[in-house]
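The letters A, B, C and D name the chains in turn, as written, and every chain counts its residues from 1.
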Amino acid sequence: MTVEAPAYTADELMAVAAARRLRDGTVCFVGIGLPSRAANLARATHAPNCVLIYESGAIGAKPRHLPLSIGDGELAETADAVVSVPEIFAYWLQGGWIDVGFLGAAQIDRHGNLNSTVIGDYDKPKVRLPGAGGAPEIASWCRETFVMLRQTPRTFVDRLDFLTTVGHRGGHGAAAGVTCVVTDLGVLEPAPGTGELRLTELYPDVTADDAREATGWELHVADDLKTVAPPSSEELEALRALVPANEETVAP
Amino acid sequence: MAEIVPLTEAVRELVRDGDVVALEGFTHLIPHAAGHELIRQQRRELTLVRMTPDVVYDQLIGMGCASKLIFSWGGNPGVGSLHRLRDAVEHDWPLPLALEEHSHAGMAAGYAAGAAKLPFGLVRGYEGTDLAERTRVGWVTCPFTGARVAAVPSIRPDVGIVHAQRADEAGNVQLWGISGVQKEVVLGSSRSIVTVEEIVPELEPRPDAVLLPAWTITAVSPAPGGAHPSYAHGYYDRDNAFYVAWDEISRDRDRFRDWMQRHVLATADVTEYRRLLAEWETSPV
Amino acid sequence: MAEIVPLTEAVRELVRDGDVVALEGFTHLIPHAAGHELIRQQRRELTLVRMTPDVVYDQLIGMGCASKLIFSWGGNPGVGSLHRLRDAVEHDWPLPLALEEHSHAGMAAGYAAGAAKLPFGLVRGYEGTDLAERTRVGWVTCPFTGARVAAVPSIRPDVGIVHAQRADEAGNVQLWGISGVQKEVVLGSSRSIVTVEEIVPELEPRPDAVLLPAWTITAVSPAPGGAHPSYAHGYYDRDNAFYVAWDEISRDRDRFRDWMQRHVLATADVTEYRRLLAEWETSPV
Amino acid sequence: MTVEAPAYTADELMAVAAARRLRDGTVCFVGIGLPSRAANLARATHAPNCVLIYESGAIGAKPRHLPLSIGDGELAETADAVVSVPEIFAYWLQGGWIDVGFLGAAQIDRHGNLNSTVIGDYDKPKVRLPGAGGAPEIASWCRETFVMLRQTPRTFVDRLDFLTTVGHRGGHGAAAGVTCVVTDLGVLEPAPGTGELRLTELYPDVTADDAREATGWELHVADDLKTVAPPSSEELEALRALVPANEETVAP
């Protein structure tokens, strides 16, 4: 990281970069932490009609503050409808009604495949992670999936310890799989043809070499590499109204 | 037909060592009081089933009640790891813990199949993942299209345990807000215990409410505050500070055991537990 | 995202000859106004899908709109036969009608599978019946227990049509009371039309309500009274006398056609139809 | 029929005979017509805690008057809960929660198998009947099934034109199939061992020969043939408060 003394945190920048990618009216399937932050920021700024769906069954939730858990009371209170967990997965997610699903993970590979199960061997794990949750089906059934993840060689790996979630679906079609990875350095997107994730956007003051060093595979960089505009004061204000600055967030 | 009995009695009568037990509640209405009672009564060799193991299973696992866990996401929501779950899986402490893990969608389909008394449920998933090799998943072929669809085993616990806001005196139960898989687990289990915030004369209909008739439930047990540190919509909020504090309490084996000894084993019921906790909250350990 | 458009326009734009069309509503909220509009616009060769064909399909079939019927119980509830349905099946009048028939449980499982975008649904049934030979049913084997379970094809209509009490101005729809398979048919169809009693500024939450967000619906069309002779809970009662009268009206081909000519073809919409019917009720034919 | 000038109709007698067989607290799955009449009569007399479930999704309905259709508004208004039709069939009926299901039919055979599909050939039907509805699964999944049907050689047949519903499950076990057939002459029940329906009860002034003549197979008669007590005035009063005397009922 070469960003010095930013007026915003890396988490804030990630939330802003992801939020900007949501068009108004997008139906989002969100977990807790950064995804919820990004989707609610979009709702509070350029995309007031974004629809938020939480896997706890809250459809059209409009929280005033960010929930700490996917089942917080405020989600149910502000939702258009609350349905059972079997229904949210069968009728709404598998039913194909979601435009954008958000995921985090412990590891990602160049194809956008994700590991949230174990570090090390499954039977003798070095670190036992929480497991699949909704991730495999979010990536399978949403029109697009956005991954939000800090970029380090430990997380952007050549080979996953465990393939929890298939991310690579070519980046097109009715369920396109992972279509972008928003990191703390920039944005990766699948290359046309191969579908391999390559760097397409960088944050201000970050270089392509920074991103290469933070990646466990040989990272390709798009010819037309763009720079992400820094968060506007309007964006930062909206974001900080949603999230207390000192709040801990651990996905999902 | 549901009997209204104290929770100690419900657990004593209905939960046996070696049972498959599901305590459900998706972030909301988590039946903590019932979990504590299982710990007090020292149930052993349980197969614990739950989509999101959470603190309640961290406690049961750390206290040696479980030999197997069937789950889909085992973390401390918004905080991080479940240290007791990890310690059991990574270091067999206090006992080895067998895992059967699913995706949320797979497990939700399994619960729905259980309620419908079908031997399996269907989900378009698992294909291409390493999970498919590590869990109980099968494949069936659509007789009409030839498509291959994943089959997940139906979840039919010996005992299903949930927490709800209210019951009436006949034992009919009403819950509202985020309702998770509570209906499925009660209908799909051989026996069921529902702990409730209160018993009221009449259950008025409400939006987004789930009603479980008395004849689908084995025992209803009053346990006001029994979801803590989870919440009961309309009664009390989630104790987010407790979830954060749990990360510290549970990180160390001794500290965990001391805490459980003091707050669970040494208390008689949820009322004593809550009283003690209120003291702890004013002077944190 | 739902557009709020007149029913004539919704039917013109969204329903094509040859489509698979499901008009649902289980005894309650039957979309009669939409059925009449299909008749006025002379849709042909439709495959009509509906658990309980009722008077609405008797009219569509008698007017020659359908070439196939997928159903599970085709009678006039509480009265007897659907004479137009019988005439089509027994005497090919006005056209031959192919049948695909299920049990209610099979068809409900097919709708649920359609909403879940599964190729088939599961039901423990059909075994040992003559129905199994006469319908689209397959068999799958449980990978865990070896049990044989019936598979019913998923119901995925080209157009799903339901009637509801209310929509808001954004096109979100709310219905309550007996809700049948309405949610499933809207979520499982490629296109959908929801006729409503009224458009209101806000949809207040209510007990036992089903909400269909605007983004799951293609068109919302106001049609006050549009369920008649069925009912709209909270708006008007079932016209039991009409169901009894229909037995007489529909028994004879000419009388049926005259009635349809006068009440449906010669009226522009549900408002005119209801006005005419009010006259008829004061001086029955 | 040898019953002369009864103080009650055959329908009333059938409703009373069926109602008496329901214990208090029985969970019943009822259709319209005679079954609804019987179950509601039980609720109004000796079994106030009978639970009525209608296939329209009304659980615990407590109608003050008999509904004309299984989806009448009063059912939803007085119910403990209203669930969707897929749920009522999957979770509640197939789920095994129903004690007694009621069925009618156009034809029944000696095994209790039922036809409600066609008279004549399926492809060239003489009479096209409404079809299966909920019948096959009611008989499969309720602990017991009661059939209510007027007894004539046209309905009690040697051979069904179409087997819509398997009634014969031996009359015992978790789902016993048809355990009694209440007719306008008496009651038939499966014989132990063979499961063949035989006459076990007769109404007052009806003879076993009347029943034999009204049956299309050689009807066996139980050794301990009982006589059904005529409706009490309390039963008749309760029944008539529920049903207008001139009301048409056609099952289901």
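By our rule, a contact is a pair of C-beta atoms (placed from the backbone, for glycine too) under 8 Å apart; a residue touches a chain by one contact, two chains touch by 3 or more.
Keep in mind that this is a model prediction, so the values were computed, not measured.
Participant: Within the chain touch network, how many edges lie on the shortest path between chain A and chain C?
Facilitator: So the least number of steps between the two chains is 1.
Participant: Out of curiosity, which chains are bumping into both chain B and chain C?
Facilitator: Intersection of chain B and chain C contact lists gives A, D.
Participant: Between chain C and chain D, what is the separation of their C-alpha centroids in Å?
Facilitator: Computed value for the inter-centroid distance: 28 Å.
Participant: Roughly how many whole angstrom separate the Cα centroids of chain B and chain D?
Facilitator: Between these chains, centre-to-centre, one finds 41 Å.
Participant: Could you grab the centroid distance between chain A and chain D? Build each centroid from C-alpha atoms only and quote it in angstrom.
Facilitator: 58
Participant: Of all the residues in chain B, which ones touch at least 2 other chains?
Facilitator: 112, 117-118, 124, 183-184, 208, 210
Participant: Among the residues of chain A, which ones contact at least 2 other chains?
Facilitator: 81, 90, 94 - these are the residues of chain A that touch more than one other chain.
Participant: Going by the touch rule set out above, what shape does the chain contact graph take here: line, ring, star, complete or other?
Facilitator: Contact pattern: none of line, ring, star or complete.
Participant: Using the touch rule from the top of the page, what pairs of chains touch, sorted by label?
Facilitator: Contact pairs between chains: A-B, A-C, B-C, B-D, C-D.
Participant: Going by the contact rule at the top, pick out the chain D residues touching chain B in the complex.
Facilitator: Chain D residues touching chain B: 25, 27, 51, 59-60, 80-81, 90-92, 94-97.
Participant: For chain C, which residues count as touching chain A in their complex?
Facilitator: Chain C residues touching chain A: 1, 112, 115-118, 172, 183-184, 187-188, 203, 210-211, 213, 215-216.
Participant: Quick one: which bits of chain D touch chain C in the complex? Just the residue numbers, please.
Facilitator: 32-33, 55-58, 68-73, 75-76, 81-82, 84-86, 89-90, 93-94, 117, 122, 125-137, 140-141, 162-166, 248-250, 252
Participant: Which positions of chain B touch chain C when the two form their complex?
Facilitator: Its residues touching chain C are 113, 117-122, 124, 136, 138-145, 147, 149, 151, 153, 205-209.
Participant: If you look only at chain C, which of its residues touch chain D in the complex?
Facilitator: These residues of chain C touch chain D: 26-28, 51-52, 71-75, 77-82, 85-86, 89-90, 101-105, 108-109, 111-112, 123-131, 134, 177-181, 183-184, 208, 210, 231, 233, 237-238, 240, 243-244.
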